[in-house]
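Sending over a structure as structure tokens; questions will come in a sec.
As written, the chains take the letters A, B, C, D and E, and residue 1 is the first residue of each chain.
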Amino acid sequence: MTVGLEHYLVLSAALFSLGLLAVITKKNAVTVLMGIELILNAANINFVAFARFIDTDLDGQIFAIFVIVTAAASAAVALAIVLNLYERLHSINLEEADSLAG
Amino acid sequence: MSLFDVIFYLFAAFTLASAALMVVSKNIVHSAVGLLFSFFGVAGIYVLLAADFLAVVQVLVYVGGILILLLFGVMLTQRITSVDMRTGTLQLVPAILAVAGIFVILFRVIRTTSWNIVPEAEAQFIPTAEKIGYLLMTDFLIPFEIVSVLLLAALIGAAFIARKGT
Amino acid sequence: MITNAILILLLPLLAFTIQIFIGKRLPRKGDWVSTGAMFLAFFLAVPILIQALSSYDPNFKITQSWEWINFGAVNVTFGIHIDNLTAIMLIVVTLISSLIHLYSIGYMHDDPRYNRYFAYLSIFSFSMLGLILVDGFFGIYIFWELVGLSSYLLIGFWFEKNSAANAAKKAFITNRIGDVAMFAGILIIFTTLGVFNFEEVFRGIADGQLSGGLLTAAGILIFMGAVGKSAQFPLHVWLPDAMEGPTPVSALIHAATMVAAGVYMVGRTFVIYTADALLVIAYIGTITAFMAATIALVQKDIKRVLAYSTVSQLGFMMVGLGTGGYTAGLFHLITHAFFKALLFLGSGSVIHAVHSQEMDDMGGLRKKMPITFWTFLIGTLAISGVPPFSGFWSKDAILASALEFGMVNPTHMVIFVVTLLAAGMTGFYMLRAVYLTFGGEPRDKKKFDHAHESPLVMTIPLCVLALFAVGTIWWGWLEHLLTKPELSSYASSGVQVLEAGGGHPDVAHTAHKIAMFSSIAIAGLGILLSTLVYHWKKISAEAWGRRLKPIYTLFWNKYYFDELYGATVIAGTLFISKISSLFDMKVIDGFVNAVARITTRFAFGNGRFDIKIIDGMVNLVARVIGFFGAQLRTIQTGRVQNYILMALAAVVILFIIQQF
Amino acid sequence: MNKVLTLITFLPMVGILLILLVPKNNKTLIRVLAATFTGLQVLIAVWIYINFDSGTTSMQFREQYKWIPSFNIEYFMGIDGLSVTMVLLTAFLSFICIFASWGINKGVKGYFAMFLLLDTGMMGVFCSLDFFLFYIFWEVMLLPMYFLIGIWGSPSRVEPDGKVRGGPYAAIKFFLYTLFGSVLMLIAMLVLYFNVDIDPNTPGIQHTFNMLHLMDQSLHTGVLNDFNVRLWVYAALFVGFAIKVPLFPFHTWLPDAHVEAPTAVSVILAGVLLKMGTYGMLRISFPMLPDAMKWEYFAYGLAILGVINIIYGAFCAMAQTDLKKLVAYSSISHMGIVLLGMSGLTSLGMNGAVMQMFNHGTGTAMLFLLVGVIYDRAHHRNIDGFGGLAVRMPIYTAAMSLAFFAGLGLPGLSSFMSEVFSFLGAFGSEMFNLKAITIISTIGIVLTAGYFLWTFQRMFLGELNPKYKDLPDINGRELFTIIPLGIIIIFLGIYPAPLLNLMKTSLNELVEVIKAADPILLGLQ
Amino acid sequence: MNPSEIIQNNINSLSYFLPELILTGMIVVLIIADLLLKKENSAWTSLLALGGLVIAFVAVLNQYDLGSRSIFNDMLAVDPFALYFKLLFLTSAAFVVLLSIGSVELAGRPVGEYFTLMTALTLGLFLMASATNLITIFISIEFVSVTSFILATYLKTRRRSSEAGLKYTIYGAFSSGLMLYGISILYGLTGTLDIYEIGTKLAASSANSLALLISIILMLAGFGYKLAAVPFHFWAPDVYEGAPTPITAFFSVGPKAAGFALLIRFFNVAFATEATNGEWAAIAGVNWSQLLAVVAAATMTLGNLVAIVQKNVKRLLAYSSIAHAGYALMGVVLLSDQGVYATLFYLVVYYLMNIGAFLVVIVVQDLVGSESIDDYKGLIWRAPLPAIAMGVFLFSLTGLPPTAGFIGKFYLFAALIKGGPGFYWLAVVAIINSVISLYYYARILKAMYFDQQDEKEPASLAVSPYYVVLLIALVVPTIFLGVYWAPLADLANYSVEFLRAL
């Protein structure tokens, strides 16, 4: 069986799942952010794969580019916020950010 | 199995392994390295999907930008020399269960869906940079502009949050 | 005449209004207002009677009515209905009431609420007069209730005494029970016939629009009202307690107004009673007459003796009515009104003198209070049925009627026998009262020394009333005027059939003769026994009392009716009331509160949803898989990621839900 | 004066505006303003009474304007014989209550503003002929009531058994109950709205809240043609109204609310607000869904609940030691009579029931006012804590006895007439056999006499409690509030025609409407 | 289309993009102004921002003449539906700017960035309301998210704000990720990014329902997070509590409304086909309206139940705003003009009363320095105006006449009832929830009106005239709309006509 769309999709799904796993299980805020990047990459693989196999207009690739750009923007903001939290708590352990609850 | 397939499987395995390393590793630096390789792997996949421009963007922005940003974050917050670089995990089992659930669902969806694959597109390998540039200036002009404003806002915000003082 | 009737009705009401609002500021606290109004009413009533007498027609009738409440479909009128019975009752009520007003001026002269007292007397008279004059069930029910109210006010006049307050309440509520039954009867009549007016109701019944069991039920229910008002068994318990009111009030209640109302009402509505209903009336009357008489035998309080005698006499009246002796019953009502008023006022005079109601504190008062004694004696003889006093004639008529009924229906002969016994007891206990009060030696020297004859304002009424206790006044004409209505079941269906079989004229004649002799004999016997015991002291009351201890106790305790009601009806009501209240607080409210609590609990659960459930779940999972290793053991709670996990799980769950 | 209903409804709002402008320390001016505006309202009510044509069944003093055209919501006001009685009652009691509130010293401005707002709400309910408008006014009453009980009622306290009671508790309880009821009503209202079509040319498009249209059975379409749906709608409306009446078992808010509320609020609550429930049934449930009402299960249900109210309320009243609670339960009992009267669907019963609404309004108002009088003096309401007051306070005693006797339905006093005709109407029902039920309910007459007299005895008769030997008798202001009520009670007791004439045409028509209701019913069985 | 046409289209579209251009320009102006102005004069930026909003408001009003059209090559829509939301965003943003000016919480913080980001956030909301392409949808959501993250963290020296920002960021990024994945699947199923084309294609083909379902659910996660709908609401209470109160007020209104705008437009365009008379039918295979109904029921129930046990007013209002999202969702599930119309109406009403309630929280925060219910005790005697205003807002939130909240609920219930018996159960749930909600709103009322104040508290608190004006400015429409709401209803009704127009 030759490699087709589904292979890419499965790869993407796996990557997506790994990203989720990181987001949910990692205590370190930065690692969590890394997990999110994995998720976005997984989605991008989908887009590109669909752009290749289903829609030949490159719309998917354009979308992926926008995803990458916005990811950069949010990563910058997120890191700034993590750094800020570090200044408050001297830790980026997400477990310790629990004063707001209930 | 064609050469293309072999390359695909290699890239895929590489990507997933790196990603797995990123997830599994207790050392945050190792995670970062795993993520780096994973990004490279994805870039390779893009190449396989005939998205040459995108692969370049992937390497430039992700590897060159985002990952470095993340590493900066690590450095700034972990005081790399003295403190434990390990990162713990939590709620592993329920997480694995839920994620496994998602994966199973996605897998089933992928397998059962009959995708409307355009047949003649399979062989085409056309450089995309020109087309993408054209599209960004025409059809996708406004998202492009919006993203620029978004970047501006994020810049201001990130700068504000990151700087000292109130 | 209608104008007269309306004036008769309005005068006491006017007096009441004046008294209640400005009575205090009037000279003599306005006793003359009420008294004057009553006398005026009496004088206005006289022409009515004269007209009735002059027409000398059993069917004499004057009616007039006005629209009152118009529902569109239903029109309730208010009307005045004057016939012979009304005319006579008007005289009786106004006269006795006037005399009692007069008497009260003396009796109540130093009471702090003198004006209020007269106001109440006026409203009482108003209610009673209204009851007599109205032309329909609706009206009679209204005045019926007002009589109850007036009695409440008067019995509880000395409300500082708890016993008085209690008695007033008891009177009202006991009456209410009867009233409710009567109301139910009216409901039946009205909903079947659609009218309240007596004439129309009677016509409707004659036409057969209401008949059979329903009519019997209606009759018995309406009679229940009379049971309450006229203190018949089993609702008689209020009457003796009503002695807590001032004595003139007792006289008024017992003679002309309240208790008479029941009998009057039964007489007025006589035609609606079926043979079955009448039988119930007769038996209730019999039981009442006998039971009250036995209780009266042992009472020590002079007013209580009189009270039970009233109950007993009312029983007689009911027996009369129930056995078809329409004329007899009403005749006794009228004669009784006078001699009982006389007796009560006489006893009031004694009480006024010795400041006690206990016969043990009296004795030998004959010399000190001659007028009182003689008038009282006349009253006693009248009530005992000694010829030629009024009571003899009326009671004889009742006994005759009962006997006649018994002869036609031999199974019901018991009515006559028991009634006769009761008649005998009447003589006994009344004479006993006379002997204990006036005869013999004074038992309480101090009280005796203080005693004196009452003022004229009190003795004059006594004398007037004594005059009416002489029977010959009533001879003949009354029987003619108060003829049994033709529509009544005895006149029409039931008895006629029986009478046709048994030979009616014969029976009546025989019955009359036997009844007359036996009644004289039994009265004489009672009087003789009484004299033997209390005057000649040949028989020791104490000894017999000891010998018949259980019976004596039973009588003394009035057959334990109060206790019985206390233990059953009242306690039961209060019990249900407590239970209801608790039910309300605990169960219904509790249910609502429980819902609220559960909601809150659930909310608390949810309040922790974010913190605890997820944490708890994680902790639980941690415990389950705790032994898998140190790394997994380090699982702790972290907030955002909990959230994310939950959201992810939700995605999975939503997918699964939607898919199936 | 063709906007008289708007005037009478919104006059208190003008009062509120003026009151809000007065500095809060000038308490007398605030009170006077409140009295003035409610007084004007009484004058308008009198004008309405004089100009009301009791011979017609149609709505009078109509005002009809478009309000929200997109939903066909109208500002539609008008009164018939049923509502005019309630309007009179409301105007009158509001005026009296201002005087009963004279002694309020805490937050005077807020109190009177709230009171006038309540007044507007009540008037509005009775005047509206647009269901939506009705609903708005219905809900508007809740807010002031909530605050009046919560703020000016008794403060929160902890009972010996650890429960928290007091004004705030009672207020929220009242609020929750009634809100629940009114939300159900909202749903029912919407179902009616969407299934009444006033334009047959465009089916399913033209809906209306106009009550007169909603009552027109020929316009009912859609799910309203399904009898089961009609029953559900009826039931939803019923619960909404039953809570207000309050009917067993939705009544437990009432004793709490009464006990904790200030005197004037109790008066309004018992005098007017309870009538909202029965008014709603007569104005909305009955004419809009006559066939559902005619359905025997509902008719019997209504009658049985009425009887339970009568007897259960009386029993509960008997067990009370708090005078106000006793009166509250007596209200429950008396409202049961209204229900019973209505349930037979006879002219007599219907008229009797509405008369009972009015008469209970005046009678219970008097009772609550009098309870307030003694509470102001003795600072407690424990029945057993008094005794022999008749000696010390003869005028007060006289007034109280009048109120008590009115309560127990003594002839010559107004509630006698209404009770008798309610019973007669129910007993004589041609559509349903309510005879046994009515007979059972007459037990309530005895029980009522029992608890009122018992209470009277414990409070007023017997020896004077030495604690109260210096208790002043009722004063002039208090008498001023009570005497008019007393006069009405006696007058209507003797001659109820003025009241009856107002309403009978409309109510008899209502009875006819229900009788003639198309028995979709038959299809069900 | 040939390139020149596309470019021409872009150029032509600029005139329809005026409000957004104004906001963009204002962002730049604000940045420059912040650089130029001295620190003590920096308060002027607030007025600049306000001015920008006002000008944009006028520009939006002018767009009503233009009718419905698609601009920038079908990337965005300019139609009454979007305009309705834009007006809502602008007025609420203006209110929040006004709240922020007086807020003690924000005093002493740099204002330049604050108002710049506020303006940017508003721009993002604009885009959300008008986006008709998956790319613009995604970017606008990201836009709003990124600016929101920063604003939530604005009190960066305070731990709570900092923590709120972090949670928001992580949760938001995660949600975006899920949504993105869902979008990618949708793209894969249809091969296009334009939602109208997606709708056409989905209607034409019998797409695999499983793939569509997971795509919808994943996207719902993204939208639901903006709406704070259960089970994607978790971030909301924490962020609402930690963020600066004016920002919380804005979060509870702006992004939520924008989420609704997107949800309604996207779902009704892409996943439904229009039947007759303004009723839609969900596409075959995925009964998403039932799905949303479950979400709506869960949302209002959870929000209300959890709100009951809250002691912090701000947090309580957070849960209440979750509950209200549930109410508003009821209109969406009906797949009818009537329902959408009700939701649109409700959102405006909700915005008024909710911002009002938060304003009172701010006022009390300034006066008493606390957000705890206990510190609201006896407020009516200390500061009557805020207490009365809070009463009005809370009654409105409960949905009692004569307040706007009632009318909002009325329209929702009306839509539900009109929708037929299928959603009666939802109406019942909503009824029960209305009653439950009264319970916790009444707790605040009870504290304010019924409870005795602590003795140590000062007798009376002075409310600054500025707040008085603001309070009145919110109370008046809250009541007025309860009495006469026809214009707003007409506007909402007009705004529903977005599907047929394009």
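Operating definition for what follows: contacts are C-beta pairs under 8 Å (C-beta built on N, C-alpha and C of every residue); 3 or more make two chains touch, one makes a residue touch a chain.
Not measured: the values here are computed from a predicted model.
Participant: Kindly list the shared contact partners of subunit C and subunit D, in label order.
Facilitator: A chain counts here if it touches both subunit C and subunit D, which gives E.
Participant: Just list the two chains that share the greatest number of C-beta contact pairs.
Facilitator: Max contact pairs: A-B.
Participant: I'd like the most central chain, judged by C-alpha centroids against the all-protein C-alpha centroid.
Facilitator: D
Participant: Which chain has its C-alpha centre farthest away from the C-alpha centre of subunit B?
Facilitator: Chain C.
Participant: Please identify the chain with the largest separation between its CA centroid and the CA centroid of subunit E.
Facilitator: If we average the C-alpha coordinates per chain, C ends up farthest from subunit E.
Participant: Distance between subunit A and subunit B based on Cα centroids, please, to the nearest Å.
Facilitator: Measuring from centre to centre gives 6 Å for this pair.
Participant: On a C-alpha centroid basis, what's the spacing between subunit A and subunit E, in Å?
Facilitator: 26
Participant: Please work out the Cα centroid separation of subunit B and subunit C, and write it as a whole number of Å.
Facilitator: Spacing between the chain centres: roughly 101 Å.
Participant: With chain centres defined as C-alpha means, what is the inter-centre distance between subunit C and subunit E in Å?
Facilitator: Once rounded, the distance between the two centres reads 76 Å.
Participant: Among the residues of subunit C, which are close enough to touch at least two other chains?
Facilitator: 607, 610, 636-642, 644-645, 648, 651, 655
Participant: Could you tell me which residues belong to subunit D and also touch two or more other chains?
Facilitator: none
Participant: Going by the touch rule set out above, which residues of subunit A reach two or more other chains?
Facilitator: 9, 16, 19-20, 23-27, 32-33, 49, 54-55, 62, 66, 70, 73-74, 77, 81-82, 84, 93-95, 97-98, 100-102
Participant: State which pairs of chains touch, listing all of them.
Facilitator: Per the contact definition above, the touching pairs are A-B, A-C, A-E, B-C, B-E, C-D, C-E, D-E.
Participant: Mind listing the subunit E positions that touch subunit C in their complex?
Facilitator: That would be residues 166-167, 170-171, 174-175, 178, 210, 213-214, 217-218, 220-221, 225, 231-232, 234-235, 237-238, 286-287, 290-291, 294, 302, 305-306, 308-310, 436, 439 of subunit E.
Participant: Flag every residue of subunit C that touches subunit A in the complex, lowest number first.
Facilitator: 607-608, 610-611, 636-641, 644-645, 648
Participant: Residue numbers of subunit B touching subunit A in their complex, please.
Facilitator: Residues 1-2, 4-5, 8-9, 12, 15-16, 19-20, 22-23, 28, 31-32, 35, 38-39, 42, 45-46, 49-51, 53-54, 57-58, 61-62, 65-66, 69-70, 72-74, 76-78, 87-92, 95-96, 98-100, 102-103, 106-107, 110-111, 115-118, 121-122, 124, 128, 131-132, 135-136, 140, 143, 147, 150-151, 154-155, 157-159, 161-162.
Participant: Would you pull the subunit A residues touching subunit C in the complex into a rising list?
Facilitator: 20, 23-27, 32, 93-95, 97-98, 100-102
Participant: So in the complex, which bits of subunit B are touching subunit C?
Facilitator: 88-95, 98-99, 101-102, 105
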